[in-house]
Amino acid sequence: MTSRPWTLHPDRALPAEPAQRSIARELYQATAALPIVSMHGHIDAGAIARNDSFGDPAELFIIPDHYLVRMLVSQGFSNSDLGVRPRDPAAPFETDHRLIWRRFAENWKLYRGTPTRYWMEHELVEIFGITEEPSAATADVIYDELTEALAKPEFRIRGLFDRFNIEVLSTTDAPDADLADHAALAAEGWGERVVPTFRPDAVFYPDRAGWRAAVDRLSARSGVDVGDYAGFLEAVQQRRFAFVAAGARATDHGHLTANTTPLDRAEAERIFAAALNGPVDAASGEAFAGNMLFESARMTVDDGLVMQLHPGVLRDHAASVHETYGPDNGFDIPVAVEYARALQPLLNAFGHDPRFRIILFTIDETVYSRELAPIAGAYPAVKLGAPWWFLDSPGGMARFRELVTETAGFYNTSGFVDDTRAFASIPARHDLSRRIDAGYLSKLVAEHRLTLDEATETAVDLAYHLPLASYARR
Amino acid sequence: MTSRPWTLHPDRALPAEPAQRSIARELYQATAALPIVSMHGHIDAGAIARNDSFGDPAELFIIPDHYLVRMLVSQGFSNSDLGVRPRDPAAPFETDHRLIWRRFAENWKLYRGTPTRYWMEHELVEIFGITEEPSAATADVIYDELTEALAKPEFRIRGLFDRFNIEVLSTTDAPDADLADHAALAAEGWGERVVPTFRPDAVFYPDRAGWRAAVDRLSARSGVDVGDYAGFLEAVQQRRFAFVAAGARATDHGHLTANTTPLDRAEAERIFAAALNGPVDAASGEAFAGNMLFESARMTVDDGLVMQLHPGVLRDHAASVHETYGPDNGFDIPVAVEYARALQPLLNAFGHDPRFRIILFTIDETVYSRELAPIAGAYPAVKLGAPWWFLDSPGGMARFRELVTETAGFYNTSGFVDDTRAFASIPARHDLSRRIDAGYLSKLVAEHRLTLDEATETAVDLAYHLPLASYARR
Amino acid sequence: MTSRPWTLHPDRALPAEPAQRSIARELYQATAALPIVSMHGHIDAGAIARNDSFGDPAELFIIPDHYLVRMLVSQGFSNSDLGVRPRDPAAPFETDHRLIWRRFAENWKLYRGTPTRYWMEHELVEIFGITEEPSAATADVIYDELTEALAKPEFRIRGLFDRFNIEVLSTTDAPDADLADHAALAAEGWGERVVPTFRPDAVFYPDRAGWRAAVDRLSARSGVDVGDYAGFLEAVQQRRFAFVAAGARATDHGHLTANTTPLDRAEAERIFAAALNGPVDAASGEAFAGNMLFESARMTVDDGLVMQLHPGVLRDHAASVHETYGPDNGFDIPVAVEYARALQPLLNAFGHDPRFRIILFTIDETVYSRELAPIAGAYPAVKLGAPWWFLDSPGGMARFRELVTETAGFYNTSGFVDDTRAFASIPARHDLSRRIDAGYLSKLVAEHRLTLDEATETAVDLAYHLPLASYARR
């Protein structure tokens, strides 16, 4: 494949059929310029507070993006070939970033049909003005062009933040986070633009490595003695209020299952005490974590934080990769998740409480029409989050609407929520979601099941008003 | 959204692509005027026998329709806000039906993309001649227009029955039903137009509240002493014959799982006796219910009733709603169901018996291509029912054909079966199914995989001949 | 339906929308004339070595094709009505092959919308020049035309092999196969065109009927005493090397689950010894079989054979059919399969080993996006096989690309692999797969997500280069 003049087609990712495309184009145009509401992400608040630059092209696009790295790994590269630093300080890894970029560019074809390809195309062309697609022949030229752009002040993170028209962005933070970067941002008037999210998984799973250290940090940060379960609950609640004070809108829970069964107080105390004294088994850990989801729901009634639940990922499937590089290196594999029975305790207790809100995510598509849409189409407290992770893709988003809308409608969904670690991909992801929703709505209009006016209002709601409302402060 | 002149587009719900639409339109037109065969519903035979009128618009459209009510509940209304009467006679509930209608009309946008929207549009425009869509502004005018229409004799149930061109309609009846309304209808020559269905769930689950009372009623109606399991079987068989005599074509079974394992006679006797003496656990209840599916299959060999199996719904998920309003109030959530192993005992015993017929339904779409189509594509006794409940929708019906046809063909499916409590929605549902099947078939024609003649014959079979044949008297 | 002039439309199975069809047509044309690489099938090597003729139309098309037979059985025929010979030599079965063909022809409508219909249409028109579609009226004429063709030398298997442009074809062989037919073929210079595949299931499930006899045959063929587990492993390894020497590229494993947990050596020895002495239970059998998958992976590191895993079929669901006719008679029903946890032992041990390769198949579509694509998109050793069995169909293949590509890309899939017992259907199956992949790629081009050049290269890779590379000798 030789390089070719490279542009983004204005109708990309819209339906091919001409009548439907013309409707979709009109719907998309009603949303294209709306501000970005990015309520769930993994951007470092410190980088925004310091207005960091992004380093070189490998540092921006490749090394930190586990979507992109895993595809090259699946074809034979090691993580360290791509600049991922092993945990062992003595272990070698590739430090020639131009070479890393070249490895990516030479393997551009692997990404055909994937969202990474779509996002990268958007980022390179739209944000950086690259005019040739990546290949062995163009790798170095593009690397130089990107390097030059990244050195400019307008390509620092705040410049891009403004250029991307981000109205509000949530970070994801440990329960013991000092939130100093958020405070610094607030002092500069950015307090409503960058808000923290309370993610307590590390202290909810007492069977996992690092739990005790995380609990100790929680204790230190909260100033609450967590020598027993009561103290632990108090410390968690205290930190939630600190997050609320720092502008947080939500909590986030990345559990293995959706279990929300509360434990007898005595049993919760027993597991907690046992874990302080030594290892507990996985069953106790899962039971305690489920109990803490229930307790988190109880707390949200008081402090107004929206609960986000992201279950169903078997983390660190490849033990050797985890051992060598640590977590989040592309070997997280989804598993089947049961929601209907698992959420029953929580929903029976809080599902009709007007002070309680929960947003459910999944990467197991089988539950969309079977469990999630019927639950969200009944319980006032529940909204369905956007397609997540592997499903944050053209087909994944289309299937979400197809499988959810007929039972839950549009207004029991949260609108678009990205979940990115890659700052430069935020506009590409939101833009793609607006195109796919426009495509879905255009089908309803073309089949005379919705008027164009209704579809336009719905498109704007999904892109902007629903995410704002779903995470609104109370 | 302001109100607008409101009509039904003749091509609604047909594919957007022009060539395919033109084929689909031709296929649809071959079926549009066919009589309605409605073999599974929840209409009250008494209402037909008495030729009831439907009351006011809230009584017709809102209060009894759990699809419609749950959507408003999911956005914060209580069931009682919408006129659903709590079980406690002293508890308040909304009795201003004009206000209830207004609540619905003001929230019309919630239904965008749902089948409720599609059916309501059909009903209001086609049956009642409404010319503006529901909104805050139009609510009262529409209420008055509907009220006026509903007072006319031609809007009583028999008038609509004729107007809808219903050839035959099945009701759903308890095993102890006296079938007096069916007898009255038969005496007027309506015996072939309205037939009962034998639904014995209430006496098959000995662990459930109300079982003993249901068994006592069964005993009283049958005149058979059900003091032991043998008497119970005899009473069930006796009532089945009474249903056959009253015109019944089928039995219906709404079990939690698809388990059909027969129990040892002694074990069945033991559970039955235990249940007469007091509570039995859920596992015994499920085992007994599975045993009774097997026994029902055995009985169908003798009396010719078609078995219908509808497993996989966790009923009354919200305990508080169940407690306040009773069952069937919108909080029934589907769960995963295994069919392949669960049906093996029944199919090994009866699956090749030419006297036995079973129609399988699901609301777990994951089993369509994996289990149900392979089973129906092999066992002569098995047909697949139409997409059920949450799946009785444009997308749900399209996915059914996509996932089932390639393995089971068209002729191992039952043709369209509605499952409605809402009488006025019957034509809308059948019409929609004819449109979606036309759309599916039009794709096969447009892709040169079927001729137009073949597709036309198939469309007519799916709409009319297959449901008649699937439930034919033997 | 009266008969009509019968031709194959050149655009069959391509998308209906004109712009997309025109792209798809161009993509398809780039692949239409490519040689066939058929790396997984059930053709008898002896038939090729002897250059057999195919007998009469019933012998070629009906009796051995369980896809085709089961559809007629699902509508009331028995297997023996269709010429399937019962195991009991005294039991009657239909021997009038013209009558069997007529039964099929009269029921041609049952196949509407199925791949059997599509393949048969291709075979009858393209290979045999039939000009009328099957029906009661045309059955005898077509039977005579087919009989006449089948008597010609160019319709013997080698003539068709050349005409079909088959570059390489894999057979499936028992571990004790003498491979004499492959040797004979090799002696004639066909050694690279017809290669064996090592399928050891019969010796891996010690709980199944026939295991002991199969183990004895393995011992006899290998010349290794399999009186204990060590001998068994040695015999298996010895036969694998014999298969490699005979040109084999792969092993094939049709297990019930995807379990790959290795057993403690002592436990494996214990189960093996117990099985030699008498029956073992199903749990032991499944544990031993899972252990042998792990051992097979270990062996593949040494001998370079590609592992193929096909789990998730409940074989011989109808006990009476199995008893009367033996296995593989259309009553194999898929069940849900878990891959993420089940494959973890094997992938942790070998998933990053450059000498190891595994190709995963499924007939449980729910795992495509949830488990299989994330696994193949991460582990270098894993490729996803083509849609298998019931999913080897237009919709099945389209859904595979939709659900897999966004996470795994195209280049972590194996390209097309047929799995047929019906030799004459091979070109139809490969042709159909090229059309469906062209359709999928045309959507990406029409939506400006891929260039036509990229799509063309990808289409050729999927049809030809990827299957060759996936099964390349090492």
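The first chain written gets the first letter, and so on, giving A, B and C; residue counts start at 1 in each chain.
As a working rule, contacts are C-beta pairs under 8 Å (C-beta built on N, C-alpha and C of every residue); 3 or more make two chains touch, one makes a residue touch a chain.
Because the structure is a prediction, the values reported are computed rather than measured.
> Give me the superposition rotation angle from chain A to chain C, based on Cα atoms, as a multiple of 5 degrees.
The best-fit rotation has an angle of 120 degrees.
> Since chain B and chain C are copies that touch, just let me know if over half of their interface numbering is common to both, same, or not, different.
different
> Report the inter-centroid distance (CA atoms only) between chain B and chain C in whole Å.
Taking the average C-alpha coordinate of chain B and of chain C, the gap between them is 40 Å.
> Specify, in ascending order, the residues of chain B that touch 2 or more different other chains.
Where chain B meets two or more other chains at a single residue, that happens at 17, 366.
> Along chain B, where are the residues that touch chain A in the complex?
1, 4, 8-9, 11-18, 70-71, 73-76, 109-115, 117-118, 314, 317-321, 330-336, 363-366, 390-391, 393-396
> Residue numbers of chain A touching chain B in their complex, please.
These residues of chain A touch chain B: 17, 19-20, 338, 340-341, 344, 347-348, 351-352, 354, 366, 369-371, 373-380, 382, 401-403, 405-412, 443-444, 446-451, 453-454, 457-458.
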